[in-house]
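Okay, so subunit A shows up in both of these, paired with subunit B first and subunit C after.
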Partner chain A sequence: MSITPPVTEEVDHEASVAAMPTSWWRPLIKPLILSAMLLWWAANMFGEDHAATAVDAAAVICTVCGLHLLIQWSGQVSLGHMAIVGIGGFATANLAVEQELPLPLALLLGGFCAMLATVAIGLPALRIRGFALAITTLAAATAVSAYLFRQDWLAGGSLGILVSNSNFFGFDSQEPTSFVVPALVVALIVMFITMKIGHSGVGNALRMVANDDEVAGSYGINVGTHKLAAFLFSGFVAGIGGGLMVLDLGRATPEMFPASESIVFVAAVLMGGAGSIRGPVIAAIALVAVPEFLDIGHYEELVGALGLLLAVRFVPEGINGQHEHMVERVASVKAKLRGASS
Partner chain B sequence: MSGVPILELADITVRYGAVQALSDVSLAVDDGAFVGLIGPNGAGKTSLFNVISGFTKPYSGVTSFNGTRIPRAPHRRARLGLVRTFQNVGLNRSATVDENLRAALTTGRFQVEFADLFGGSSDLERRILGFEETHQLFELGKYRDVKVSDLSTGVAKMVELACAVLRQPRLLLLDEPSSGLSPDETDRLGVVLRQLHAESDMSILMIEHDMPLIMRSAEYMVCLDFGTVIARGTPAEVRNNKVVIDAYLGEG
Partner chain C sequence: MGSVISNGLTNGSIYAIVAFGFVLIYRNSGVMNFAHPQIGMIGAFLFFSLWVEQSWPYLLAAACGVGLSALVALASRQLLAPQEGNPLNMLLGTLGIGGVLTWYALDTWDANPQFVPRVAPGVTVEFWDLRFTGAALLVIGALVVVTVGAGLFYRYAKTGLALRSVANDPLAATYMGINVERMSSITWAASGALAGLAGVLVSPFINMDPFFMSLLFLRALTAALLAGMRSLPLTALAGICIGLVEAQLIRETNTPGLTELMLVIVIIAALLLRPQSLGRRTA
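And now, the complex of A and B:
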């Protein structure tokens, strides 16, 4: 059962995508060193304000990674992701207060609760796509905010839920200069997992599903399972993001999760552009940091909406597209220099 | 080779509203055979492919694969080794050639997709052709990093065929592989198809309008018209069949 191909041209084995890395840990060295440096810097150099901003950014990065997988890779959409973030936040708070679970466990299980909640959105997504799906997710999010977040059993009444426990693996979750380290670790883990999924067969399959249902089916890809799995993953990490926000503030209230702020997540994904998670992560950091540095407080929505409008008009390919252009330009300059020197 | 046909269709009828696209079509593809499917436009050839690959639920009739009835879900049929190509190129057009080939290698069953997640190789050695061999057989080396949307139809069709072969077909369903190809590319396609068929044990069922290509490649031919089989036999028999000449080939 082997075919001898005509030997026509020599094969560039280095360029082969199928070539397997010699050891699995080698590609991890650089990111690990960079992460350690980032964490050391975050732990020692951040003042109170900047640490709080960094924790916010960590929460938004978690959410945006999942939404990027959902929108850019699997070709679906969710316009009401703040509702999922909120469910994750309230679930984490309830688990920490009512069940008195250790905070890291409450955070993890809060993510699972948010994941289960996305099934409600994910199941209709198996039948509809595009505009109809977008509106359905928006409606679901509005309903969750208007009804679920007003229920005492989930949202704890008018004062919300206060989380008095603040011991997160020995870090103080309500002290931003301390909590910034575990929050960034969580964000880095989410980024790493999302990146691995994107490079794997699962990511390839999601992109096939986004491209064409029938072609994906003929590849042996179970289209429904993959669409649902994309929703579940994005729900899980969004719930983790919500949990981080709740642990950071030490309380959970409906006002922390306004449905309208979902625009910030969508803006980060669209400004990031198709492809790797580099773009949306940069966009997420920018969307959190810019309002803080400009000292305009809680105008994330405005900055997000403006950023979205400007991005669609001037950089439709997003940050990823700009990065590609820059890499190409640097490569061409390098080639020119090499040509001039020889 | 066993005597059981790899694919057997019994009395397939397909209706779209009031239109009957296929009426009681029966057809068998022997294990290892190369069967050509011809007929005028609208004869129901692609409808038949959609039934075989599970996209269309037939009004009546039975599809068996390797002697057993098979589930209808397209992805489950694909996993049995029923691999098809599309008339309008079933590739991810916004991805590069290598990304498409890689997708063909790493998607399908969840085990395969997750094996890749943890950096392991997904049983590449069991495949009919390896990644590099496929590149060479289909002469795609210089298009590795080109987006499919930037390729000519001829090259894109070759990429689609390469992706199909990487998916380890038991039965390869080709829907007009030569449409949009130049005469040279069509010749090359014929050479590749015959080599694939000769050197592997895959069966091939091919819809084709290019008579020289199908006459040289297929061992057995079936002609459809108005949703029914009007002739079947060896290429020479079908070509000289009076009914086929009247309905499709014309005097020539």
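And now, the complex of A and C:
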């Protein structure tokens, strides 16, 4: 008589891990610790000049995240984002001065104003697409800076608008070494939200719309809503970026938002390449920081245009693409080493 | 009223000549050259340096300016050639080239406006109620010569026929032994020359700074879009209409930027009503 061993239930470890409810805070630990370190470093280590650069970078990062979502994920090219940044900036200044709102609230509502202004270009964009949309946005931006930014009710006449209030949650918004902390917090929040959208179903739907809107429509995705929503989100964060610029300088003038400078945002998005927001954020920081740190004087204005040209001509896949190449190469080298050792 | 018509005709002719450059390249390869205004600006500045600062003869200086613009356009095309199949990348690339050219002009001839004296200062022609200066007549004459000349060239010259066949069907043109690459280069050079010509001709009417051609850009673009990016005579007509309407608007009101607002509304309306004029070229 043979005793058969009791059949132990095979435990499928992978399945049990997948079935376990993932705690929502667990993936947040690493980014939060990194952010806290970054902010501590920003608050204590930045000198006057570098803090101002970091605030600039925060404003550009906000705009570039939204533009990345618009161009790379939803497939709609806007060449006139500086106009939206400007509308957000002027709206923030007006709300802070005329309505005497506290600055954080003015910043938020300024973003909403920019978002509403984006509807004017987002609605025609439902029918005008690709190449023609790029032309339309560029033309619209020219008109906004030639007409809207010369209107007294928005731009406050030839001197612009002075924001005398500088209390931003207790930080001094016109003192870069102090304002750098809230500015970076805002930029981190925008990056986090953009990332979350990218990983969500909405992000997938957007990419599907960008690929082929007829196929997306046949899968039950509302193409128009998604296209418009992409415009609205990018308008909102661009307005926040403009608000940060205005609060930092303490004034809003039309010269701060020249339509031709939109090229810098587009350059950052294209240098970043398709895919995650890692690439465009790195490119945005590089475009702002490199001229400041290298002290290249009057070559500063060249950086955006040259970056755009070189990205289009030589590296169409951008930083994200380069990163993937690198990861692949490292993996293949590792595999070779493992093969050699065994 | 007379001044509105004569100013409108002069400015409109300039818009039309700039718009020709957009139309030529778009017809050839479906590409929109956003460096076009800056290419013209570079040529105009060389003309300014030679004529005003070095006091060369007018025609020689103008020829050098136009030639430089043609060369810069050719170089831009060669630089971006690998992307020529992708209109959006070409648009972004030319935008980058335009930025680099603006930076170069700012670096070489700073941002202060330069004054260019009018050519043939004594000459004025008056008939009915209209009064044209010599410089204005030169502009209008140039538009007529370019429109008629281009029409005849495309109709009768061998190269012109080759260009048209490439525009119609590049593949079939290749099979007929036409060098498509070369035709594209010719188109870009011609377009650059037109930009340079427009820059040289408009320089007496404005204060020359590195951004002066960008002001013409939106108007020229609207003229080209209204004409469906195809026909040169229609483009000329559209340019002149825009010039006349703008002259009337400036006389009626002094709100800044009203023209730009009007043009953007026209562009959006044109693209909404006739989306086939752009983007669906190779159907």
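Just so we're on the same page, the second predicted complex is superposed on the first by the 312 of 342 C-alpha atoms of A that agree within 3 Å, B and C clash if a C-alpha of one lies under 4 Å from a C-alpha of the other, contacts with A are read in each partner's own complex, and residues count from 1 in each chain.
Note that in this section contacts are C-beta pairs under 8 Å (C-beta built on N, C-alpha and C of every residue); 3 or more make two chains touch, one makes a residue touch a chain.
Just so you know, these numbers come straight off a predicted model, no measurement behind them.
Using the contact criterion defined above for the overlaid structures, shared-chain residue A:L308 touches subunit C, although it does not reach subunit B.
By the touch criterion defined above, A:G220 lies against subunit B but remains apart from subunit C after alignment on the C-alpha atoms of chain A. When both complexes are overlaid on chain A, the residue A:P104 reaches neither subunit B nor subunit C. By the touch criterion defined above, A:I197 reaches subunit B but does not reach subunit C. By the touch criterion defined above, A:A146 lies against subunit C but remains apart from subunit B after alignment on the C-alpha atoms of chain A. Applying the stated contact rule after C-alpha superposition, one finds that A:R207 touches subunit B and leaves subunit C untouched.
By the touch criterion defined above, A:S260 reaches subunit C but does not reach subunit B. Those residues of subunit B that touch subunit A in the complex are listed here as 53-55, 73-75, 78-79, 83-84, 86, 90-95, 98-99, 101-110, 112-119, 121-122, 124, 128-137, 139, 141, 144, 167, 195-196, 199-201. Looking at the complex, you find that subunit C touches subunit A at residues 32, 34, 79-80, 82-83, 87-89, 91-93, 95-100, 102-103, 106-107, 211, 214, 217-218, 221-222, 225, 255-258, 260-261, 263-264, 267-268, 271-272, 275, 278-279. Listed in rising order, the residues of subunit A touching subunit C in the complex are 77, 79, 124, 127-132, 134-136, 138-140, 142-143, 146-148, 150, 260, 263, 266-267, 270, 298, 301-302, 304-310, 312-313, 316.
Those residues of subunit A whose C-beta lies close enough to touch subunit B in the complex are 1-9, 11-13, 15-18, 20-21, 24, 196-197, 200-202, 204-205, 207-208, 211-212, 214-223, 225, 274.
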